[in-house]
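When the chains are written out, they are named A, B, C, D and E in that same order, and each has its own residue count from 1.
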């Protein structure tokens, strides 16, 4: 397709990469936190719950700013990490971190809702068959919540494709490194007459999101066919 | 609390009002769409699904811009509506519309996930007892998905409390009319020395969101205690 | 009392609030101020926002509205100007000229700027660097953000060693120092034009526009770091 | 009354059944996996078969040939599922009342209080299903279906989860529904005594196919029909209550023969039917004396069927009706049994226990 | 072998039970809602009682006094639930194999193929539970528990959903587990014949309280114990296989008395036990002739219990053991029955059907 310039193609590729890794890396902690919130009983549960929802409640710029403060080179998290050679500043990994954090509440909610509807009687049955808590989770709960995990992943992915405020504030907009589709779209919208160019990128965004959505729907249908029908 | 000025209080009140009505008004269509997506089989289902997710995928500015174009005083939807005396442009109702649309995918997903886990066998049992599809939904499905509806509502509310990009683009940032907490935070962040004031508002945002979250958790616990234990 | 609604670039918020306070006391006219990015406000005015006076951070959007017939060209005035400065976290004064060794200042870090194709401060900055022959050296080292304040934050947080921002933004932040000022001739003049919106030519709007050019108003602008234009 | 034709393919399982049954209680009988629940589901409208027709009391509930397949809620039925399927978010009381409102146009089958008392679920009314025991759930499910004022009751092994004592309490209730209320019932069950006691018509299925259908007396009185093994064989007699004795026995008159059974709470003159299990009948050539068995029926040997095992089923004609006796081949030989031979059938009073005595027939 | 003490309060229901049972199969017996499932859940570790202690084979699985309450997966048990609770996301084969891996340290109770064949679930292996019939689900659930190599098997009405033929196939398997594999089993059931056949020990519950506990012979042979009504009364005899006859009968020797029963597939000399239901026994003062009943045991009246109804339970001592007979008061009076009186107990061959004959005892 030659109606997108090379920089725009770069933005598309980068957005896909960022959204993909943001989703993949937030899945394990997302499942863990969702499980803790759904089934755990511990002090500070509400604090964890609040923390997870924070990126939803705060304007994205604030989240981006907090990320900058925390993960910047002198930040309380950034400084020790940079000693280990891990740096998010101005890198695509930072964009992925921002996207992951912004999508985290959506992912956790979806997974948590699924966990809450798994019948504890089945988990009990697995326990009587010798499965420890870990194995009950791995062999019964996890497979049964796959549709919820998929829903959470697709929400996180879609959010990551659209995330702008936190990303640009945290890792700015460096073509080829941190310029995602939304940053590019935003740039076009800032200048008079840029709507046409923005529209092209919006269409690309929508196409990617629709592809991801439909794929996830097909997968979900397969999964629920497998599970469907009750015990 | 005298550490917030009158304009800031106004922003807090307005944000609450906007988030509340955005949530309330999006619940019925949210439940309907979630039900269609979970149980319906119709042409264009994937299109509906894509449409619902659009606000998640697009940068908020784009959504705000589309709303401005569509619902502005001269827009294709705004013009006919204004004849009916309904106007969203540059009013708090417009902020609520923007917030509702931005939170809609989150709400629909949560409700849809819940609907998908309701055992169709219970719905069948209700049907054999004489309940039509509507009544099955109202008396069995709906009460059983209340936790999911609550989760969806709280997500939409939190999102509405934090929504900024679409709102400011659609209805601007007019104190007392469309200046929500995030817009106020943004305004402070745009001027030298505004960080302190912004931080105060961020704290207020977090407090409100935490209150809403904890209330919803308590409610959810009550609900699931009632439902819990299987059939 | 009479009502005037002012849409103004976000960077002028503090100054305008002070001016409005004085104006309201003096005239008895109620002024409502809505601040956001110039592009956002311009589009809203284009789509029929209820603004009486528009103050933009660049001439492009004002030109755009004038061409579209949305502002009254005869009311248009340039209110204040601004200058571009090079900022850092520490270090002595440098002379910003063709001989400036930006690369040395940057080290392995990045140069924080607003979006160089879209946001006025970025556009002016790029123009200045280009005319000084420095752009090619640093082009690949620029971290672009969506507004000047975010660029300032990058430097203030130590994420970027140096940045280019308006003098008005730099002067209030104790964490940054002004390393040098860009020569006036290195970029197009930075002006903040103001105008009355078409069809809103009321007494109130006009008298506010006049007041903005009054001596007390100029003093306030000056105190906020803006450059007072010679008549 | 009920007319069912079904053809349906599930994976490898093939359902192909056609039967009609008169008013009364029709038992679907067959091994696990033979298709009983599938048939009931089709009648309820929950299964849409590849081809089929369901007519109940003259109303066509479905006919794939005419492209009619009424949804479950338009069928006016009550369904007691094999697993209780109570609504977890409603209390027991609300579960029970669920169908009433939708059925308000129809006459009640039984009052709320009556159903609650009969099922012994009064103390559970304000509980939620999550904490009920298996049997408690099933009792609530029975109540819920009855209170939906059904025109046809579908019951899929409703008593399987209940203990004998509770079964003995609820069984007469199904009889009364069948006889007094004249409610047609389609009933799945495995227990031969339950079948014999309740069934007006027996529909026997085997691997998705119809094996046998007919009036309970005929199917059960047929010595060649023993799909559940010879223990389940037994004939059904019709009798009238002749007298209530002081010692707690009730004397019945079955075609002129006096039969003594434990007290039956119905007035003298009431018609009823009783099942005499073939294995409870002893044959004797003389009238025995000094024996604890009180019921002796004279008769003639009508048929002798030797099965694969060591047993034989002997069919007798007696003035009371057709009686089946299950004896060993050895005994049959030792007694020199032959068709036409006069013989006495001896049945203990207690062998005709209340559980096998049906209530009055309408 | 199993030693259980429990005290627990659910809402208004109060559970208070203490019993110990030797090796073998222990039946929990009691009406719906009497607390059987709760007891089993406590043994499985699914219910944490207010107070309690559970010891199985010397291992303390829980003792609230010592603050021990092992989680279910550390107990090494198998549990067949009242509702199958199969894993919907796994195939039947995967459901069956679920527990094997966790139990790999223990010796198998039975091989996979053997369990599949015995339960007749071969054709279902690649299906998912959603499409199985009620009985099919329950059979898979039994297999799943057995393949988890349990040290104690818990079974909550495992056969209730099955038809007679399937029951008759699976019952002997539980006997073999009890006798050959020496697997201790805690078994909930309502059916008297099943109890009599399987139980080594009977634990009878009533409204959450222990009502009776003891060896099956004692509890079932006690004329005063009839919690499920008089129909469920029956004594248990021990016998040895004496001969297999050509006509398909097996001759047993019970304390010198010959008893004829339908063929039993065990070698001559094998010990076994059989239940004779009280209602299947006829009493006579003379040895009757020309009668189809082949088994006649001489004995003496030992005890006569008149119940509330028209019946009476007569306990006899015979050379074969204690036998219970259920007769009407009227017969008891007519025969002038008195303690110490000599009497003959007559039982039809077929009344001692295979279903009531237990397999060999270890």
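Here is the rule we go by: contacts are C-beta pairs under 8 Å (C-beta built on N, C-alpha and C of every residue); 3 or more make two chains touch, one makes a residue touch a chain.
Bear in mind that the values here come from a model prediction, so they are computed numbers and not experimental data.
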Which chains lie in contact with each of chain A and chain B?
C
Trace the shortest sequence of touching chains from chain C to chain D and report its length in steps.
2
Distance-wise, how many Å sit between the C-alpha centres of chain D and chain E, to the nearest whole number?
26
Between chain B and chain D, what is the separation of their C-alpha centroids in Å?
57
Hey, how far is the Cα centre of chain C from the one of chain E, in Å?
90
Roughly how many whole angstrom separate the Cα centroids of chain B and chain E?
60
Send over the residues of chain D in touch with two or more other chains.
83, 131
Where in chain C do residues touch two or more other chains at once?
none
Any chance you could list the residues of chain A touching two or more other chains?
61, 65, 121, 165, 186, 189, 230
Pairwise, which chains touch?
A-B, A-C, A-E, B-C, B-D, D-E
Quick check: in the complex, which residue numbers of chain A touch chain B?
46, 49-50, 53-62, 65, 105-106, 109-110, 112-114, 116-117, 119-121, 147-148, 151, 155, 158-159, 161-165, 182, 185-186, 189, 198, 202, 205-206, 208-210, 213-214, 217, 224, 230
For the complex, give me every residue of chain A touching chain E.
121-122, 124-133, 135-136, 139-140, 143-144, 226-231
Touching residues (chain side chain A, partner chain C) in the complex:
61, 64-65, 68-69, 72-75, 89-90, 165, 168-169, 171-174, 183, 186-194
Of chain C, residues touching chain A in the complex:
37, 39, 42, 60-61, 63-64, 110, 112, 115, 117-119, 142-146, 150, 153-154, 157-159
Touch list for chain D against partner chain B, complex:
44-46, 71-73, 75-79, 81, 83-90, 98-99, 102-103, 128-131, 137, 144-145, 148, 154
